[in-house]
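Next up, some structures in structure tokens.
Same chain, two partners: subunit A is paired with subunit B first, then with subunit C.
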Partner chain A sequence: MVYVLKRLGQGLLTVFLTVSVVFILIRLAPGDPAVAYAGPLATSAELAKVRTQFGLDQPVLVQYGTFLKELVTGNLGTSYSFQAPALQVVLERLPFTLTLAFASILLAALVSIPLGVWMARRTDTKKELGVNVVSIAGQSMPDFWIGILLLSLFAIVFPILPASGFATWAGLILPTVTIAILQVALISRLVRREMATNFASPYLTIARSRGVSERTLTWKYAMGNSAIPVFTALGTRFAAMLNGVVVVEVVFGWPGVGSLIVRALSTRDYPLIQATVLVTAVLAVAVQLLVDLAYPLLDPRVRLGKANAS
Partner chain B sequence: MTTPGVTLTPGPSGPVTPSARASALDRKRVKYSEAARRRSASRLKLWIGAVCALVVIVPIVIAQLLPLADPNAQDLGDRLGAPLVAGHLFGTDQLGRDLLSRVLHGGQVSLAIGVLAVVVSGLIGVVLGSIAGFYGRWADVIISRLLEAQLSLPLLMMLLLVVALFGPSIPVITFVIAIAQWPEVARLTRSLVLVEREKPYVAAARTLGLHRMLILLRHVVPNVFKQASLVILLLLAQAVLLESALSFLGAGPQRPFATWGSIISDGQDYITTAWWMVTVPGLFIVLLVVGVNLLGDGLRDRPRRTKGLVALLKGTKR
Partner chain C sequence: MTVPFADRQLSRRDLLRWGAAAGAFVSVATLATACAGPTGLPGPGTLTLALNRSLVSLDNKLNQFDAAVTVQRAVRQALTEIGPNITPRLVLADRFELTAPTEWTVHLREGIRYSDGTPVTVEDVSTALRMYSQVQGGFVSSFFPEFPTVRKIDDRTFTLDTQKPLPVLDALMANILITPAAANKPAELQTGVGSGPYVVTKFNRGAGTYSLRRNENYWGTPAGVERVEVQFLSEESSRVIALRSGQVDVIDSITPDSATQLSGLPGITIDHASALRMNQIFFNFRQPAGHPLADPRVRQALTMAVDGDSLVHDVLVNSVVQADSVVPPSMKGYVKTGEYVYDPDQARSQLKALGAENLTMRIIWETGEFAGDASIMEALAEMFGKVGVKTTLLQFEPGGDIATWRQGKGGEWDLLGNGFGGPTGQAINMLQGMYAGTAEKESTRDTYQGYVQPAVAALIAQASSEPDPVARQAYLTQAQQAAWNTWPCAWQFVPKSILARRTRVEGLRLDDSNSYPLAAVHLES
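Entry: the complex of A and B
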């Protein structure tokens, strides 16, 4: 329980730091949001009115205080361009991003775990080197580039899949595959390393000598011990993967948080940017927290209290 | 968790006996053959990596010396020209600009940003990492927490925000990429310093009355520096990728030359008529990053000392 609280506190601290950094950055930057909101032709009286309306005429510390107070009550201000509560605008888009993110990580796990096991069984053979080089290539391609290539191949040259948007479930395929490619490259290498270590360890030799089948050896013995590092990696990759989601959403015109923030940035919609950064930060922290708390399910040796000590 | 198409049990025909199977074999022999294979694999990676990276880097570096059209010279009569036609090796873009020239000049900017960013992030990372590792206590707590916090966040949105706020100039983008990358260096340096500071020479230096900071600067940092610097190539690859993603999203440098990401972004609108506008700059990125990654991988896997290998060879003779 103490462990849970401690992890929760750490997560909240991360979120708080993020929010503060965003706030400071926005106030430090050149460029006047009132001008951006009212348009270049606004008179100074109109500008003053806009500033009062959004509290931009207050001292920065007061603005920060108000911001934090509102934050606790879940009020992140009104989006300038949508004329709606910023949090609501972001939360409306969030399901799309989540769908994409979870579909990608699921696909990545389904492909990369068997692939990693396959590689671990053939460590330091020519085949394995080949796959290894391919996986390096996989993690070296810009995701937006893969996206455009897949899009032109499967939506334009062979028009079998929708090019953009989320009209049908088929629209999910291309963006998911695009994001998953990088993750497969990274996770399969990790699985390979973990499994290879386990394959080489004495307990497996003993189990094998006692006649345990190869299948049980691989999936129950070795995988059981590789699961935790791999699972942790899936959790930590989630934050990095959200980066890819942003870019890929733009390529495919996916109506998620990523395309939202690119739009919010071009209109200097500060409340919306704050809300987006905050929501995604909370999301990433929450996923990581869940992964941490799920350890004991995977490994009965880990008791939450003990993990606390390390 | 079983998936069709992946054979888990090694077939009777294949030479794919897993290393652990070889319990009947002499252990040293197994080790030797693995080491030898790894050695040749790492050499192969180094070669392929060097070739890939140089194929991209050399033309970029000498772009000014090559007989190329001005990357910004427009020729509206020759828009979206196909590759190998009318004297343009890689064709022209939507304003009739020579694509090869644009890619090479843009590459200079991308590469310069990448190298600078790695230097800056390396400096920040080594300084903070060694402070955290050497001094421990609250310095370690603060730096480690900061590091963890940053690693658990989807950082790209913050980076986009910074670029949007402060303008897409080369210094801003370099700084942003450096900020995104310092945790990797810091984490590595910290773990290396943690090991290093327990070594007897540090205690000896302290007994001799050397100031702690001097020990860190003069003895510990130089000792870990070589190992920490191996990560530089991998960081460079990431920096190039990050820069291309930023410029794809419209947050890349516009002057003096558009970089690869923004050329691809332009090309996306003409994907049906001019495939080369997306493909060519993308291939440059892929070749460069694959090359650099392979080099980094090969260097890391390379057996540390030949001395160890000789000892192994002797050991197998028996």
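Entry: the complex of A and C
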């Protein structure tokens, strides 16, 4: 419990520092929200009124103080472009991002773990080399290119899947596959490395000499010892996806948080940027915390908050 | 001995097993659902539009981009609308007449009501005008030199009174969308009813999606399509693919490249219209006296360095026309004032004669200001180079600091790539926006790139307050000619609005305002 509280405290500090740094940085960046809001033809007087309306005429420290005060009450301000509470706008989009991230990481895990094990069992063979080359190619291909390729193939040549949006569940397939291709390439090679190291370990040789089946050796012994780094990698990738998979969201017209933040940045919508950063930071920290808390379940030797037993 | 389930410890192995099983189940279920469900193709009674910008609301007090007009006016209506040939056409009013220099008399159409059955009233009009005038930084309010006041005569008749003559008020009122007074606010409305041929059944403002259903209480001819789905797809290639796949019926505001890609494909039709927009390579008029660019003869010489025909045909693949005035030809009040002549030899000799042969210039612009922006700027730099003018290019990202630069507070520049829209369709409004700068406005840097020509501004002022149409056109003609003669732009061009649709979409008429009446659209049976 002490460990959990400590990690929660660390998480809160991380979120606080993140939103604070973003608050300052976006105000240092070029661009004027008043111009973005009122348009290039607005007069100086109109721009001044807009700045006053948004509180942008106040010193940055005063704005920061107001922001923190409102943050405590859960008020992140009104989005300039949506004219609605910024947090509400982000939360309207969040389910789309969560759905896509969850589907992608699930597909990536279901493909990459067996693939990585298969590669590890065939280390330094021609088959493994071939799969390695394909996975490196998958890692190297830009996601927008994969997306356009899949769209052309499955929305135009063989029109069996929707090209964009999330009107039906079928709309989830192409963006999920696009994201998963890159994740599979990354995670399968990680699994392969971990499993290959375990396969070469003396404890497996001894277990094998005692007649333990290959299936048990692979999925219980070796995978058990590889679980933590693999699970950590999956958790990290999932947390990263919660910030929005910007390019994929744009290509597939996916109404998630990633495309929202692109819009917020181009319109210098400060409250929306801050709300997006806050929500995604909280989620990312929460996912990392859950990953940490799951370690003892994956490896009984791990004791949270204490030095690990060897 | 069998251990009761409740007494069993959850082992690590159990956890992994159950986790894997759950994961597999969710994946397979998702895939099965996806494959079993529809592929997202619109149904036979549903029209699907994909917009290039997110439709934040169906109100236009703050934002109004071209494609939004189509959807906004399908739900909310104004007293008038800009019809074909940029002529104001009556909508909620059946009479809208200039009855005195500063007075318009308006009569509301009989039987008009909102989708909830309540009638449209004079108070709704009065409140709407007040709300539009109160909103800070509003898009629509920038077109009104002053907001008229409403004087009620009877339940359906009222006058719109102004301090100064406002002869294009009938066109301006096309931008004032009428909402029940009690529901109107000095902000962009997110909800509420309208009097248009469609009603909103579902929307997700964050995602920019709207579901519309035919308004069964509509006071006019019922809409031709039962349901309309509005999507937001920012990426043009995605919109093109969505149209090709049949998932979307109409995409608008597309680039010439996409039009070329789509033209000739079976099942797809391309529509063009002249846009109410002028794209310019505008000179910086804040240069000090003695600077070469402060001399109109130097500016004229530089126009001769630009091979406009090549830009139109080779760079912009005929998606634009070269300007022959300071406003687009589709504008009400437009007159031809001249044309750009490509003569690099003359440009070089004229620059030399004026002592400007070693001129260096910086061109600035914001990415996406118009289609092919970077290609145009690179071509211009090469063309200026051929007459001995060195050019540097500075591109700003959207949301960046170009506004500060335009005001002369960010850095030195000589030419600006800029687009100027005129959604009212009135030449006078465009002239007021660009060429009516005064010394007073310039003191706060509120003129258009420092353009202050008192003679031009005086003509525009006369045109804007002249109630007699013939006399007003005479002033407009003089104002356009006078502005053209100052050589404000190295080059100008008028883009064409391009829309692509599935051939099953019929009755769609793309107007010069880059929008179309949604109620007139119907689907091939």
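Keep this in mind: the second predicted complex is superposed on the first by the 297 of 310 C-alpha atoms of A that agree within 3 Å, B and C clash if a C-alpha of one lies under 4 Å from a C-alpha of the other, contacts with A are read in each partner's own complex, and residues count from 1 in each chain.
Keep in mind that, in the parts below, a residue touches a chain if its C-beta (ideal position, glycine included) is under 8 Å from a C-beta of that chain, and two chains touch if they have at least 3 such contacts.
Quick caveat, the model's predicted, so the values are computed rather than measured.
S.K.: Pick one for A:Ile148: touches subunit B only (first), subunit C only (second), both, or neither.
M.R.: both
S.K.: Touching A:Gly74 in the superposition: subunit B (first), subunit C (second), both, neither?
M.R.: Touch partners of A:Gly74: none, neither subunit B nor subunit C.
S.K.: Which partner chains sit in contact with A:Pro59 here, subunit B, subunit C, both or neither? Use first/second/both/neither.
M.R.: So A:Pro59 meets neither subunit B nor subunit C here.
S.K.: Quick check on the superposed pair: does A:Leu265 touch subunit B, subunit C, both, or neither? Answer first, second, both or neither.
M.R.: So A:Leu265 meets both subunit B and subunit C here.
S.K.: Of the partners subunit B and subunit C, which touch A:Val250 in the superposed model: first, second, both, neither?
M.R.: both
S.K.: Thinking of the overlay built on chain A, is A:Val89 touched by subunit B (first), by subunit C (second), by both, or by neither?
M.R.: In the superposition, A:Val89 touches subunit C alone.
S.K.: After lining up the shared chain so the two structures overlap, which partner does A:Ile173 touch, if you call subunit B first and subunit C second: first, second, both or neither?
M.R.: So A:Ile173 only meets subunit C here.
S.K.: Applying the touch criterion given at the start, work out whether A:Ile156 contacts subunit B, subunit C, both or neither, answering first, second, both or neither.
M.R.: both
S.K.: Please indicate which partner A:Gly211 is in contact with in the superposed arrangement: first for subunit B, second for subunit C, both, or neither.
M.R.: Neither partner.
S.K.: Which parts of subunit A are in contact with subunit B and also with subunit C?
M.R.: Residues 30-31, 110, 148, 151-152, 156, 250-251, 262, 265-266, 268 of subunit A touch both subunit B and subunit C.
S.K.: Give the list of subunit A residues in touch with subunit C in this complex.
M.R.: Residues of subunit A touching subunit C: 30-32, 34-47, 49-50, 53, 81-84, 89-90, 92-93, 96, 103, 106-107, 109-110, 148, 151-152, 155-156, 159-165, 167-173, 220, 224, 227, 250-253, 255, 259-260, 262-263, 265-268, 297-300.
S.K.: Spell out the residues on subunit A that touch subunit B in their complex, using ranges where they run on.
M.R.: 10, 13-14, 17-18, 21-22, 25-26, 28-31, 110, 113-115, 117-118, 120-125, 127, 129, 132-133, 136-137, 139-145, 148-149, 151-152, 156, 199-201, 204-205, 208-209, 213-215, 218-219, 223, 236, 239-240, 242-243, 246-247, 250-251, 261-262, 265-266, 268, 273, 276-277, 280-281, 284-285, 288
S.K.: Please output the residues of subunit B touching subunit A within their complex, sorted ascending.
M.R.: Residues 1-3, 6-10, 15-16, 18-21, 23, 34, 37-38, 41, 44-45, 48, 145-146, 148-149, 151-158, 160-162, 164-167, 237, 241, 244-245, 248-251, 261, 264, 267-268, 271-272, 275, 278-279, 282, 285-286, 289-290, 293-294, 297 of subunit B touch subunit A in their complex.
S.K.: In their complex, what parts of subunit C are in touch with subunit A?
M.R.: 12-13, 15-16, 23-24, 26-27, 30-31, 33-35, 37-41, 50, 54, 56-57, 62-63, 136-137, 139, 142, 187-188, 190, 204-209, 229, 231-235, 237-239, 241-242, 244-248, 397-401, 403-404, 406, 433, 441, 444-446
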